[in-house]
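Note that the chains take the letters A, B, C and D in the order they are written out, and that residue 1 is the start of every chain.
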Amino acid sequence: MRSLTEALAAPLGDADATIQSMEDASPAKWHLAHTTWFFETFLLSEHVDGYEPFDPDWAFLFNSYYESHGERNARFNRGMISRPSLDEVLAYRAHVNAAMEPLLADDELAPLVVLGCAHEQQHQELLLTDIKHALFQNPLGPAMFDAARDPAAKRCEPEWLSYPGGIAKIGHQSDGFAYDCEGPSHRALLEPFAMRSTLVTNREWAEFVADGGYDDALLWLSDGWAWVQENDVQAPLYWRDGEQFTHAGWRARDPDAPVTHISYFEADAFATWAGRRLPTEFEWEAIARGQDCPECDAAFDSAAGNQLDAGRIGATPVMPRGGTELFGDCWQWTRSAYLPFPRFRPAEGAVGEYNGKFMSGQFVLKGASCATARGHSRASYRNFFYPHQRWQFTGLRLAKDI
Amino acid sequence: MRSLTEALAAPLGDADATIQSMEDASPAKWHLAHTTWFFETFLLSEHVDGYEPFDPDWAFLFNSYYESHGERNARFNRGMISRPSLDEVLAYRAHVNAAMEPLLADDELAPLVVLGCAHEQQHQELLLTDIKHALFQNPLGPAMFDAARDPAAKRCEPEWLSYPGGIAKIGHQSDGFAYDCEGPSHRALLEPFAMRSTLVTNREWAEFVADGGYDDALLWLSDGWAWVQENDVQAPLYWRDGEQFTHAGWRARDPDAPVTHISYFEADAFATWAGRRLPTEFEWEAIARGQDCPECDAAFDSAAGNQLDAGRIGATPVMPRGGTELFGDCWQWTRSAYLPFPRFRPAEGAVGEYNGKFMSGQFVLKGASCATARGHSRASYRNFFYPHQRWQFTGLRLAKDI
Amino acid sequence: MRSLTEALAAPLGDADATIQSMEDASPAKWHLAHTTWFFETFLLSEHVDGYEPFDPDWAFLFNSYYESHGERNARFNRGMISRPSLDEVLAYRAHVNAAMEPLLADDELAPLVVLGCAHEQQHQELLLTDIKHALFQNPLGPAMFDAARDPAAKRCEPEWLSYPGGIAKIGHQSDGFAYDCEGPSHRALLEPFAMRSTLVTNREWAEFVADGGYDDALLWLSDGWAWVQENDVQAPLYWRDGEQFTHAGWRARDPDAPVTHISYFEADAFATWAGRRLPTEFEWEAIARGQDCPECDAAFDSAAGNQLDAGRIGATPVMPRGGTELFGDCWQWTRSAYLPFPRFRPAEGAVGEYNGKFMSGQFVLKGASCATARGHSRASYRNFFYPHQRWQFTGLRLAKDI
Amino acid sequence: MRSLTEALAAPLGDADATIQSMEDASPAKWHLAHTTWFFETFLLSEHVDGYEPFDPDWAFLFNSYYESHGERNARFNRGMISRPSLDEVLAYRAHVNAAMEPLLADDELAPLVVLGCAHEQQHQELLLTDIKHALFQNPLGPAMFDAARDPAAKRCEPEWLSYPGGIAKIGHQSDGFAYDCEGPSHRALLEPFAMRSTLVTNREWAEFVADGGYDDALLWLSDGWAWVQENDVQAPLYWRDGEQFTHAGWRARDPDAPVTHISYFEADAFATWAGRRLPTEFEWEAIARGQDCPECDAAFDSAAGNQLDAGRIGATPVMPRGGTELFGDCWQWTRSAYLPFPRFRPAEGAVGEYNGKFMSGQFVLKGASCATARGHSRASYRNFFYPHQRWQFTGLRLAKDI
């Protein structure tokens, strides 16, 4: 699993892996090291007698936001860490991987190992979205992957998937891994509604733009309108004329592909313009639980798989083969704020800082994107971002009351 | 009803009524004029043939955030409007009041008139909180009201009010006035919980401070901790040693009075420290619907009533006589984000900009404060502010799962 | 002399006198009080046994930048001081004036009294420029003075005043009052040059604008171009179409009047565009010492005089009657940085903070404006502002090498 | 000469050469490419028929501030250019060097070639100061050079070098290369003064710190005090306890070495504290013209020379062997603003943007630092920086009136 991270970083040079384009993003090298630090700190240092850290100073460098684990390197300073080099960080990974071997058989530690792997999978996605944003800053528009295979998205006819209302079972319900914020499983009361079977496409978004969507204050949330004005927003992030910036550089935009890289503000304005609304996270999950999670849409499985799908990441995202596009194209904004489920308790200890502390000001996104690791998709997954953020593969799906 | 606004502004000079201390607050003169502009714009100009605006330029000056009604005077510029003077604005009020007389009997217009009055009541509260913040900037700490009567708060023993869970009816359910966001009335599913009968007091808050509450990152939401650090927050707004700034200037703090002027971040951190949590808006409303709304706690009824209670406003807030302190002491933060109820639709026309557009990033507060107009309190009322804001009379009430 | 200050403030209401439009400017009330504080602090408190301050708290409020005299009220907070009211401040002035009476005959104190008066004269000018900026923020464009008399400026033919070069005597050379920075008198070596007899007019400036002066980066200093871009500057401050904002509100612009309210950046760019340059302060002073200081141009002499000239202030500035427009129209940017003269020593004691501490980053302006008190003009006077500032009556005069 | 640039960059990895720590600084890779772009743009493209740019897109990337040469890559974005890689930039250098060969014999182009070399020498110094600042951000404090040889500075007794006053000849006076702003040569009138023979040392600065120099507002220029407060300045840049950050990492501070990395504000405050003042640029030059320029102090001569002196750069700067420390230790702040000399005219064409446009808000520094290329030192050289900047090797020398 961890080797995928190296595979994703393989096309990057030392400089590519070092730069940081904004506070929200981190350097690729940092992702490589921070995920390793997680294993070293929470597993090796605590459970292996006499384990010596690879380099004691690195704990400071590669901690992220665990306030209980000492002063952190100020977040925006991550892009200043030219040393250790990419090669040294890769050696760090090899060292920790080797040291972890004996622990993988320890059943007691299994939950922590699984958490470390899930954590790494999250950072695999962030590595991809962060480096995309960094390369985008370069006027030369450099490509990270080839885009040899770039199948056009199939045009699907949207349908309305109806739900009769009633009490739905929400939240993580199996024995598999899930983050603390996905539970406890609980009941939610839903009114009758319908959700569209397909995501909103670039073609539909272009109509919104052409209709003056970005110029009509009445379509926007108040904070959204302020954001549009202040940043002179006129299109999704990464749009330029008929093109879109991708991991394979600037490419022609596929009108039938789902729109991506939009903020919550944009998603909400679009829904208002379309006379619809965004679904709640509960509505989305209720629909998703009645559907099969389409495995074929998962983006990455292994390093091999990644080599195979590099073109896909490089290209504009393509429509999945059939299905309802729930997973594997883009994260879908819901109108639900990221808040605790009833009876939620943060996990004990340092890892308890993981999710609960972010429960203000953010919105839940459901599904999974083309950059999400395959095993990391499930109906109960709650991704969350601030309403102005859009450097992730974020899109939307419409809903309506019935 | 409107005469209360003038009564509240009576202790203010022209200069007092002109200054603006921050973007969130508005000058008293602006509140006086803006509420009048509402009647002139939505009633007189649209429903009285040949009505001439008092001054056509004032529409621009005193519009607030209605994007559909033309360019507004940039919000932070409100404090630059030394002219018209306070006297001229009072003349404007008299003029519009007189012109409104014939319309008060028109049943068709009644909903708009009622909305205009509710709007004015909101601004009465804002006038009080905004001028308090403005006077607080003055190192001389000037008083606006006398504080002759200042009864100490009674010390009440807190109890836990239990709720068995189940489906509760939430939202506005009577024929009386309510804002669009209070409806539609709908069902909500609640798990068993208990809510404390009393508000958190200054005494309890002082314990939190003494215990290092403001220095322990682990108690705080991530955004809250950043806010504490950036603003060097060490106590509620308006605290200074054993004193508290009030409308009657700096006064000794009553330990048994409810703590006020805290942010959501602080409320949440306190609850975490206390091993409890904040209630949801649905839990709060469910409890409140089982209680009588204690009329005796309402702050203002008439200009006369205001004269009477000026001391109360000037003083530190006092405990209500018995009851559960639901209304009339302070707004109580809930852990619910301010979002639309199921099947919510904004009102048609310009007044539809009233509430729906603020549905991102804010939290719901329930109850009513000592500065809330008496007729403006009801169980379905949804006040909302950003989690860092605390210049309103904001406090908290603890809840727990059972 | 001090009664002129009251006369200038006479058209202002309490609110007008309280507001502050930017950090560079101060409220009129503050000017009234601060100049009084100067007399109270440096004369009454130090030289009158048993003198009781009018109000001890006001020392904090009305100190300006004398670091040695205790913590100051943060500069941008001055606009929050709604109390004391304008009337109370006027009472403060009367109180201090009365207390000063006996000291006026004391020869030993005469230098400090003269400094206090010069200080007050500076603030008279600032009071006028600051309130103009504040009223300008008001979309209603209110007038402070009538503009009954508004004689059109006479069109003068510009001539070149030549100077042969050589050693000039620079700096304050008489027994009259001067600030410390005007001395010591010293020799300066000048190359041959010529300076224009007239100021640059609105007409000439309009040609610069029409020729794309604000759009051609090559005309500008690097910092100037950044300032133009960041603030989207397209014209002098207070220009709007063919109008100009004045103390008498919006008025038609007189093309033959000197251009005013320009920054150093603009003055320098204009000179470059015109193929000329700005004079140095030494060149300007050398020319001025060969000219009579035209008394008729001085703006104010007494309260009566002010009443008389209120229209002049209200109007666009008018050309002086003959002469070389050195004094009484506008301050003229020189290309000299504000730095100490050879052998300069700041005055001893607190008043020594007066000038020397501002000697970095600012440019010298010579002459006097239409808002400068009559007795406050002299050839050695060194006014100074940052190169981006332009809310004073600032203009320019061209020079060239010969 | 250009090979020294490569030699200086030799210890840097691709990531080291890419990062940018602040807007004032540029990545090493950018320095390498920008100096090359200068030769390509002003020599090859204009004077070689059929010359094809190495890569047409790079002109945009590696232009700096020549407004006449097209839109530039926003300055703070330079740190985002991970591609081209360091190797590719070195190939660019080789390509342009080869293409330049035939032009070196062309007498007509000699002035531009010399300018290009001088420009490169400036960037050699900036490369060293910028990478030092970037590595300083890294909590690991990485070293770029070894510090094998680190001779302690010799303790010199300071003497006062007197100057009798009179007319001095100032500005560039030989046939050698000089920037346009160093001329025209002209006369300046000086009063009698004395200048210290030695630079202020770390030992003296430590006394200033110990005496509360950073806490006494009265010692500081007004802007300087604001800068101290806002940035919480307590010592020169790169000081930490008894250590100093150098190109060889954190090293013990030599008390007898000249203090470096101080702002003009600090230099001025120190001089005030010491009861002295800073010299003017004219005083400094007049003294320097009476001294031999000590060749032995020049830091770099060739790549070989650089290898030799790497330890010197890495170490704390050392006292020169005898002499008056005019050149080769640190740039010395003067109290002269950076302004045009009499009859100054910017050079024609694009290279005319080189110096004149920076003539506002900056101060002149004289001498040369340990990072200045040997051939780049001369008495007429005018370096200039804003008064708050201190990432260069900046120090001071005291003067006094006599």
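The rule is simple: a residue touches a chain if its C-beta (ideal position, glycine included) is under 8 Å from a C-beta of that chain, and two chains touch if they have at least 3 such contacts.
What you see is a predicted model, and the numbers here were worked out from it, not measured in a lab.
Hopping across touching chains, the smallest step count from chain A to chain C is 2. Matched by residue number, over half of the contacts between the chains of C-D recur in the interface of A-B, chosen from B-C, A-D or A-B.
Averaging Cα coordinates per chain places chain B and chain D 58 Å apart.
With centres taken as mean Cα positions, chain B sits 38 Å from chain A. Chain B and chain C have CA centres that are 46 Å apart.
Counting only residues that touch two or more partner chains, chain D has none. Contact topology of the protein chains: cyclic, one closed ring where each chain has exactly two touching partners.
Pairwise, the chains that make contact are A-B, A-D, B-C, C-D. Remark: chain A residues 65, 67-68, 167, 186-189, 191, 217-218, 220-225, 264-265, 268, 335-337, 339-340, 342-343, 353, 357-361, 363, 387, 401 touch chain B in the complex.
Remark: chain C residues 13-19, 21, 29, 57, 60-61, 73, 77, 79-86, 134-135, 137-140, 142 touch chain B in the complex.
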